Structures are given as C-alpha cells and as structure tokens.
Amino acid sequence: MSAINVGIVGVSGYTGLELVKMLHAHPKFELAYVANSEGDTSLAALHPALKSVCDLPVEKADVKEASRRCELVFLALPHKTAMAFVKPLVEYGCRVVDLSADYRLPLEIYEKHYTEHTDRHNLPKAVYGLPELYRNAIASAQIVANPGCFPTSAILGAWPFVSKRVENSPVIVDAKTGVSGAGKKLSETTHFVNVNENLFAYNPLGHRHAPEIAHKLGLEESEVVFVPHLCPITRGMISSIYMQIDEALDAKSFIKKFYEHEPFIRILDKPVDMKSVAGTNFCDIFVKQQGSTLFISSAIDNLQRGASSQAVVNANIMMHLPEELGIPKIAYVP
Amino acid sequence: MSAINVGIVGVSGYTGLELVKMLHAHPKFELAYVANSEGDTSLAALHPALKSVCDLPVEKADVKEASRRCELVFLALPHKTAMAFVKPLVEYGCRVVDLSADYRLPLEIYEKHYTEHTDRHNLPKAVYGLPELYRNAIASAQIVANPGCFPTSAILGAWPFVSKRVENSPVIVDAKTGVSGAGKKLSETTHFVNVNENLFAYNPLGHRHAPEIAHKLGLEESEVVFVPHLCPITRGMISSIYMQIDEALDAKSFIKKFYEHEPFIRILDKPVDMKSVAGTNFCDIFVKQQGSTLFISSAIDNLQRGASSQAVVNANIMMHLPEELGIPKIAYVP
Amino acid sequence: MSAINVGIVGVSGYTGLELVKMLHAHPKFELAYVANSEGDTSLAALHPALKSVCDLPVEKADVKEASRRCELVFLALPHKTAMAFVKPLVEYGCRVVDLSADYRLPLEIYEKHYTEHTDRHNLPKAVYGLPELYRNAIASAQIVANPGCFPTSAILGAWPFVSKRVENSPVIVDAKTGVSGAGKKLSETTHFVNVNENLFAYNPLGHRHAPEIAHKLGLEESEVVFVPHLCPITRGMISSIYMQIDEALDAKSFIKKFYEHEPFIRILDKPVDMKSVAGTNFCDIFVKQQGSTLFISSAIDNLQRGASSQAVVNANIMMHLPEELGIPKIAYVP
Amino acid sequence: MSAINVGIVGVSGYTGLELVKMLHAHPKFELAYVANSEGDTSLAALHPALKSVCDLPVEKADVKEASRRCELVFLALPHKTAMAFVKPLVEYGCRVVDLSADYRLPLEIYEKHYTEHTDRHNLPKAVYGLPELYRNAIASAQIVANPGCFPTSAILGAWPFVSKRVENSPVIVDAKTGVSGAGKKLSETTHFVNVNENLFAYNPLGHRHAPEIAHKLGLEESEVVFVPHLCPITRGMISSIYMQIDEALDAKSFIKKFYEHEPFIRILDKPVDMKSVAGTNFCDIFVKQQGSTLFISSAIDNLQRGASSQAVVNANIMMHLPEELGIPKIAYVP
C-alpha cells in the first residue's frame, strides 16, 4: 500500500507539534501539508527541537491547497476557527480530524457553552473520536470530532460504571492537569512564578468540558460535578472520579473485563501516575471501593491521548489501518 | 511579663525546624531546650540554614531535663515515640503540645488504626488542638494533641457545613499535598525523579487521617471518603471537598459569617491557591455550589497550619497569650 | 524614637511586594505611602496573599505626595522611569533608595548600556548600595543606587580576591538564577512550559549586569566574562566564579577573615545552595582552589539580597538604625 | 539481514530502562536477554511504564547465558561490577558496550580515581565510545567503553577548539545536570525536598569525570577545571565551557564546519536548552566569543547521549549498521 497523504492545519501550537512528531515517523501517513495562520515559516523555526529532524515549510493555511494535497487533514485550531475550515474541506472531499470542540456536541449544547455554530449542516454527521466508544462509526466518518483532554480521561474512567450508578447521584470529577493543556498563549496562569510550587482549582463547576463529559456519558449536565486543578507539571492529567454505585459490584474485575481487548487502556492494581503515561496514548485506570462509593483514578498524557495521539488513532481507524500503527506506547519515564 | 521557657523534643525534622524558626523569633517564648534522639549536635548542624541565626546545642532527649527547664514542651516525634514522652512530662508538671497522632483519637479508634496505646490514663484528658473548634478547652489543657495536616484543611473546610449535610451522603475529600509532609525520610515516593513532573494518589481510601477527619466532624468513618494525592511541590496542601447539602443554603455567606471572627481563616471570592498560604498559619477557603453539591477548596501550609504554626498558636492559647503572637501571616510568595 | 515614615513607589511587582513584606513588619519604619503607576487599588488586590495582613490603599504615584508623607522613598521601578522620580524627590528633600539601574553607573557606562540619562546632576552623588563596600558613604547618601542581583552575588564573591588576581586574567561569572528575577511581565522566557524541566543561558556575554560587575570590581568590561542561566526555580541565584589568583593564597582563610565582621555574609565549608538563603538577606559563599584557579560559589535570594532586603538594609544605614533591624535571616527551608 | 541478538545486564536502573526503550523498537537488534543482579522478575515489575509494551522476564545475570544468547551485551552496571562481567564475556566471544567507567581510562588514571583494575589484559583493547572521535576504532572494537555524561557534553563542546587554545590556559567546565544522572539510589541529594527549588555545586574540583575529560582532550588533569551543579530537573545536562583561544578564530564558522557531517551534532545560532535535546541523541552546541575568551554551551540528554542512546549508536557502528538506526531524534518537548 502506498503512503496516505495527510496534512496539519494549525501547526504552531503544542498539539500541532505532537502531530508532527508522530506523523513524521508514521509508517503509512505522509505529512504532505503543514500550515498555520501566517505561513512563510518552517517547522524548525516554530519548534526548534525539530531542527535536523523534520523541517518542512509551513504554509499559510489554504483549504483548497490542503484538500488538493491530502486525503485527510488534522485541524489543531481554536474553537470557532476550526468550523470555518471543516465546512470547505468536507466539500472538497477531504476527511477531517478536528481537535477543537466545534463538532463534539449537539447544536444546542454547543451554542449554550461556546458560540453560534456556522456549520449546522455537517455538525450532525461528525463522530466523537473516542475509539473505545465509537470505533465503528469513526471508521466511516468524514468528520471526527477529537475529544477534549478532560473528557477523555473522565469518560474512559466513568463510562463502564454509568449503568451501575446509584440513581440521581452525581458523578464527581476532580481533575489535575499539567500546564501544557493551556497552550502556548502567555497568561498569568501559565507564568512560571505563578504555577511553580503552586496548585489551584480553576473554573470550578464552570468549565466547558463538563457538558462534554455529561453528554457522552448520557447524563444531565447537572449530574456531573467537574473541578479541574492546575498543577506545576508540563504534561499529564489525572481525573479522580467519585461515583455512587451498586455496592455488590466488584469494580476491579468488572472494568478489567470491560476493557480487556482495548490496546490503549491499562487497568492497574496500584494507583496510576502521570509519568507512566506521559508521551503515550495509554489511559491507565485504577479503581477502589468504599461502601457504595467508587474511586476511579484515570491518567493520560493531556497532549497525546488527550489530543494528538488520539487524533492519529482516529485517522488510523478512518483509513482502515491497524489502530496501533505509529502510536507511541513508550513513556517518557524517568 | 517575663519570658516563658519552652522546649522542642524532636528537632531534627521539618516540623522541628519550623518550630525553631517561630520560637526563635517569638516575643514571649524562650527556646530553652532543644533535643533529638541522639543529641550531641547543634541546630545549624542539623539545619544548615540556621547558621549564624540560631545555633543552640541539641541535646539527647531527656524528660527530666526538659521538664526542669521548660513550662511547655513541643513534641515533634513519630507516633508511638511521642506517648512515651508525654506520660512522664505530664507527671513532671510540664504542659505538652504533641504534634504526633498519639492523643488525637479515642482509644478504640487509635488502636484500630495505629498501635496499642501505652498512656491510657492521659489520653482522655488531651484536647484536640484545632483552635476554631476547641479554643476554650485548649486554654486549660495540659496535653494538646496537634491535628494532622490533612484533617486540619479538611475539617476547617467541611465543619461549617456538616449540620447542613444531606443525610447519609458521603463527605468526599480529594486532597493534594506537597512532599514535605512525608518528612525527611528517604523513600521511593520522595525521590526527586519519581515525584517531579508526576502526580498520583497514595493510600486512597486507606489513609489514617480519614478516621481523624470523620471523628472530629462527628461522622462515621464510612461517611468520609478520603484520597490524598502527592504533588511535585515542597510545601502546601489543598483539600477539595465535595458534600451534598441543603440546596437552599447560601454557602458563601454562611461560611463568611461562620468564620468572621477567626484571625487565621480567610474566605476568598476566587479559588484558593497553595502559595498564598505557604509560610503562614492561614487557612484559605473558597466555596461554590452546583445544585445540592457543595465544592469547598481549603488551602493550608502543611508544615505550618498543618503542624508547627498551629502548635505555637495552641501554646499561645495555653499560656493566655494573644493567639496571633509570633505567628507568621506573610506568605512566601512569590 | 518615633517611627520613620517611608514609602514605596512601584509596588505592583515582586520587589515591591518584598518591600511591603519587610516594611510592614519593620520595628522602626512606618509604611506611609504605597503607589504604582495607576493607583486606585489596594495591596491585597495587587498581591492577594496580603489579604488580612497589610491592605493599604495603593495610590497613583505622585512625587509631591510621596515626599510630603515620607522621609525616605523606595523606588521599585523600571530603568528610565526611576530617574524621572529621583530628581524631584531629591528636590523635595526626600532620601531615596532606587532599585533600578539608573544611578548605579557613571554616565558614560550607563548611557552606553542603557539610555540617555536625564538626571546628570544627581547621578554623581548617588552611592552604590552594597553595604560591605560602601557602608559609610551610604550612611550619608541622599540617593542610594541599590545593586542588581547578579552584581550583588558576583561582587561579594569576587571582591576579596581582586587584588590577588593574576594580571589580565578574566573573571568568569557563570550565574544561575530563578525566574522571579524576570519580574511579573509575561514572556516566552517565563512561560511555565518553556522553563520547567529546562535550563539555558540567556544574553551570554551581553547582559547589562556585566559592566556593573566590572565597574564595581575596578576592572575593564572586557575583563569580566558574564553568562547568566535561567533555571526552573522561583527564587534564588548562584554565581559560580572562576578566577586566576596567586596560588600561594589560602583562599578560604583569607575570605573568612575578610568578611569576619559582616553580619550578612556566611562563609561555608561545603558548597552553598539556593534554598539556605531564600527569604533572607544572607550571601553564602564557598571557595575552593585548584592550582591557580579559584572557584567561588556565591548564593543569594535574588529578590531579597539581590533587591529588596538589601534596599531595607541600606535604608537602615541611611537612618542610622542597626543594620540588621527588621531584616530577614530565617530562610524559607524546607 | 536477520536480527542481531543483544542483551542488557543491569536492567533495573534508568540507563537500563532507556536501553530497553530503544532496543525494543530497534529495527535490527532483538532484545534476547535482560538481567539484573537478582533476577526472577520482569521488565514491567521493575519499570511499570513498560506494562503492555515490553514485558520480558528479567533473569539473574549469568555471563555464560548472556554470551550464549547474544552477539553483543550492554552492561549498565556500577563501576567495579562491570569489569567482572566484561572479562568473561570477552572470553566467550561476546562484544560489549560497557556503560560504566571501567574501560574509559588508562590503568594509571583509572586506579588513581577509582579502584584496582581486575582486567588489565582487556583494558588497553577497549575503545572510548565517542563516535565523533573514534568512529573507526569503534567499528572493530570488542569492548566499547561508553563515555560518562559530563565528559560527553564537555568533550564534544571543547574538542574542536583544543588546538586553538592559548597555551597553559585552563579549560573551565561549569556543568548543570538533572537528577536522573544520580540514578535510582535514594540519597539526601536526590530527596525531592532538597532538590526542588534548589541548586548547588557538588564535588567541585573533585569529580571523577574531570580526569576523563582531560585525558580525552589530551590535557593534563590540572588543565581542566570541572564543577558540576545539580538542578531541579529530571533529564538534561548543559556544560558551559570557558576557554582562552586565539582571538582571530571565527569560532562559530569553525565549529559548524568541524561538525558539518555529524548526524547527531547541531550547532545553533542561539543558546542551547535542555528540553530541545531531552529524549534524543543530539548534542546541541552554541558558541560565542569575547576577546580571547570562548564560551561554549553544550547540551545533551544525560541518560541518552550521556549514556544509553550513545551506547546503541556504538552498537550500530560495531555491527556495521547505519549509525542513526533506531536512535531517537525527536525531543520530548514540550
């Protein structure tokens, strides 16, 4: 089989960089197009660590050119900007993995939490790119809406137990994230002095990933209690989930069986940690019960499983390639 | 009023050092005796940063000598070791602030979670040293059992709302702590490479501070769900608490009123952070509601409010000194 | 003696905060005026950790008002801005400790490395505020030019040995600094993700503190080789200095004797570290020789001895107060 | 060409783990034997991040078995222990890449700084495994002595300029290293609380890597001034080198030309940083001149180019494989 040409629009940020790192080394995908909003630069100018490794020219994003050169395009763009690209890319026959929030939610929920949606036509066709839940639909999707990082860790941890939940009890997600999730943009919150030796909740009970978690778990928004915390760490994310479930369930055996054929989920016997998944597409999960309370600890790399490596897994599925092809499994430890 | 002679037994560790830092500068207490298990050294040999600041000789711990020279002794010793000192110190007429767990719990709970208690006679007389709850009893106590760090942050956050709790609903405490809480002892868990850029739960649902939290809140052990997480930070602790309460309550107004006369509690309008309390005796608290779920974020310095500065506050109360005398309020920020 | 009224202009930044922390607790200085360029705010709004501790109103900086209310004013302002304040403050009879670079260098050197000087009249009257070198002159100065952080650590380390230097050999200063030295301003260089787990030289052989070091040591600019490195640390600075000296000199005995009466210099027998001085005005120094090469390691807190606590020491000297009054000596360790 | 069987003895530590990570993914090497001193465990038990990735059984190290199954063995063992393995491995016809110091130095220098050498017969046959200097000799060596991390960064930076050095002037190497270089062993120096927010020199002018640097650069021990500093970073190393050279030399053009055909050396136009090489075999170098002083900043990943990836490059050369085969070039950034 010959190479499949793919492109990245929005290559300046961290998720764009992660996509380059994987696609550059991918056995079947050929990185045929990389672009950002300005163009006229190169990968190594944007990301100096790529010098002598992968120094493609970076062009000014152009939908026609992207679709002319690529079968599939990854969009690593901000919300709102992404949908303006998806619409024409689809018209030109390109398949799209969109890392933004634009196609993750039904119209009503999206517009309540984000902004007006300008591609209502395609929105219902998009498939939510969490392979464990939607593998088959992803395979034939033209648009895959790549999940947010918090939803990925929270949903993978909670999903097996939703049907065992005590009625009307909240699903509490206390998440801890590294700073890279906030992107390259300078802000008080990402200033070294403010983050180092510090930790705090941000947007408690008001973060836009909460409705995404609720919707995919089939819950009301009010049933998910979501509080993210920023930690002095670059990469990594842990969702500590507390649910009330049927006491009779043996949660550990249950989830081991539930995910036994999943190549990117590991159920651990001791608490998960961030470093063991950093750099990989793994989601590590630990569970423990106290009476009817279930504690679930679910760890991912926020930039990989929470964004870019999951995007490439989705692309593998869309192109009927082996799901694990070119996907990193070896963590950055120590 | 002349100086009050006080001593520290167990001066080698971090809480011992913190005690020295405060007592050295305290306007009324005179540090008349410092000891550890070996003796024959000096404060600056144990803690080089004290060179040219406070370099008292460190003696081999001797109860008789301690009580001869001091009106009040701080014990910064491990569990079990502490009670062997408390008993004779009390006999010699000394007052004691014990930073260990030995006098914090009723006999049954203590022996269930720790070890056999060898000072059953004094145990019931000890007062739990959380000034906001037991100020009056502390004033006349001979033994003050200084609270654990996790219980301090969790109880101060949850306590105002316990009476508003939905019956039988669990109090969930998801705590994040810096590494200094683990002490000076070398271990895999405190090895730099294992902690840096990492985060994980430890002893989830099995930590010995859970029964302490439950008991002081007047709850059953099973009603408190406690999961601590270790973070790549030296100092600081945040307890993220989730409770089901009466929806009609305005939690923020309520807790502001509840603590309005407390000099060491600050109710904030935006989420608390660790650095704003590091180096001080403050407990900063933030609350927010979603339906019947109450989110409480409670931040302390684990070595100060979670141990040593709270111990000195207790000593101030015991000696009828102003509670704020010599207690640090200026954080280490930036 | 009654209190001496002092003020701070430029209270928004880190050095302004450090000044507040010390002056708030100072036994003789009364903080009578705090200002920044905007005004209409309060200390706790600018520095949330000061809530319930010291919440003076912050006014829009006004020279007349400052001089009306204060005997001495600390200027924690950027270069250029500072001299526009010094000039009128001096006219109004106020004494000034200027934390900027504006009065540290002779006109020619200043204008070569900074900008045009607009207060040539006062420039020659200013005294360089390194107490170990200029204690007597500081006592009677109207303007004290507080040294830069790198020059403080480098000069205190190198100064005793300048007269022992092998002629024409360079003084090499390889400095390592925490990020707080770069201030609150957002920049790529202070973005958490860029600094964390990273380290790099910046402005090697081109930093503006090099001529300051050279001038105060009585050397030509070309004789000082200065390379600062940014480290993933908030506070602290170490200058590793390499000099060629007379092999016959016993450097350790020499420097111990040289500084034996200095209250804020500690000569250590093992290598200095940043944490043992963080939060204090100490400069810790270690020396070791290999043939004619002398290695000097000189550690300070960049915000304290490198800026604010040194400024308060200078103010103590100017006001004929004991030099150590209100100056922090107890480090933030652990 | 069929796979080449290789083994690792000493697989418990960080460099052992790094070797596994590369050899597991290497296109030509087959990891046929992994061992440590105890055996009876598995890779995922020793390194949990390898679960579901590479979980070979770990055997008790046995020279005969290793040589029976492997053409080449990597020894990731402490000094002294290594030579006891090299001797019999060579007898059995195995080729060896030894990551310890045991074969890096001539007998006299080795015994002066380490211990008695018990394999004097093989010592002179070993080749120092710095490919840029000894590529041809490595190709036919039976024993390759893999360089230390400090020497790798220092030598690659200084080597091009040694012939341009001002006679008798010292080569000053001020190195900064992450903590992983100290290995998994628990010690005060690697305790999180002691390293975090801290920085200090250790073994200044007394580190055993200094004679290794001197010997390979063809200098006297006394001509190399070496001071390593420990930094609160897991991975990475920068050597800041100061040399006196012929002022007329254009150092940047010179070193660019010097290394122009080297696949793992990048000469940068702005100062190098640790993160851009972390996870790779690159050595990034920056140079700048001030009069006759040359400043060289040389960055490597201490565990990769400073140990394991360089070891695999050496193995590639020994087996006449392309030097870059299976060697990581994509950094862990961000």
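To keep things simple, chains are lettered A, B, C and D as they appear, and every chain counts its residues starting from 1.
Throughout what follows, contacts are C-beta pairs under 8 Å (C-beta built on N, C-alpha and C of every residue); 3 or more make two chains touch, one makes a residue touch a chain.
Computed from a predicted structure; not experimentally measured.
Using CA-based centroids throughout, the chain positioned farthest away from subunit C is A. Comparing chain pairs A-D and C-D, the larger number of C-beta contacts belongs to C-D. Note on chain placement: the centre of subunit A and the centre of subunit C lie 46 Å apart, centres being C-alpha means. Subunit A and subunit D have centres, each the mean of its CA atoms, that are 36 Å apart.
Subunit C and subunit D have centres, each the mean of its CA atoms, that are 40 Å apart.
In subunit C, the positions touching at least two other chains are 14, 180, 193, 196-197, 232-235, 275, 334.
The touching residues of subunit C, when paired with subunit D in their complex, are 170, 172, 174, 176, 193-194, 197-202, 204-205, 222, 225, 227, 229, 231-236, 238, 240, 242, 244, 271-275, 278, 286, 288-291, 293, 295, 297, 334. On the side of subunit C, the complex with subunit B involves touching residues 14, 17, 21, 24-25, 47-54, 180, 196-197, 234-235, 263, 266, 268, 275-277, 279, 282, 303, 329-334.
The touching residues of subunit D, when paired with subunit B in their complex, are 14, 179-180, 184, 186-188, 190-193, 195-197, 232-234.
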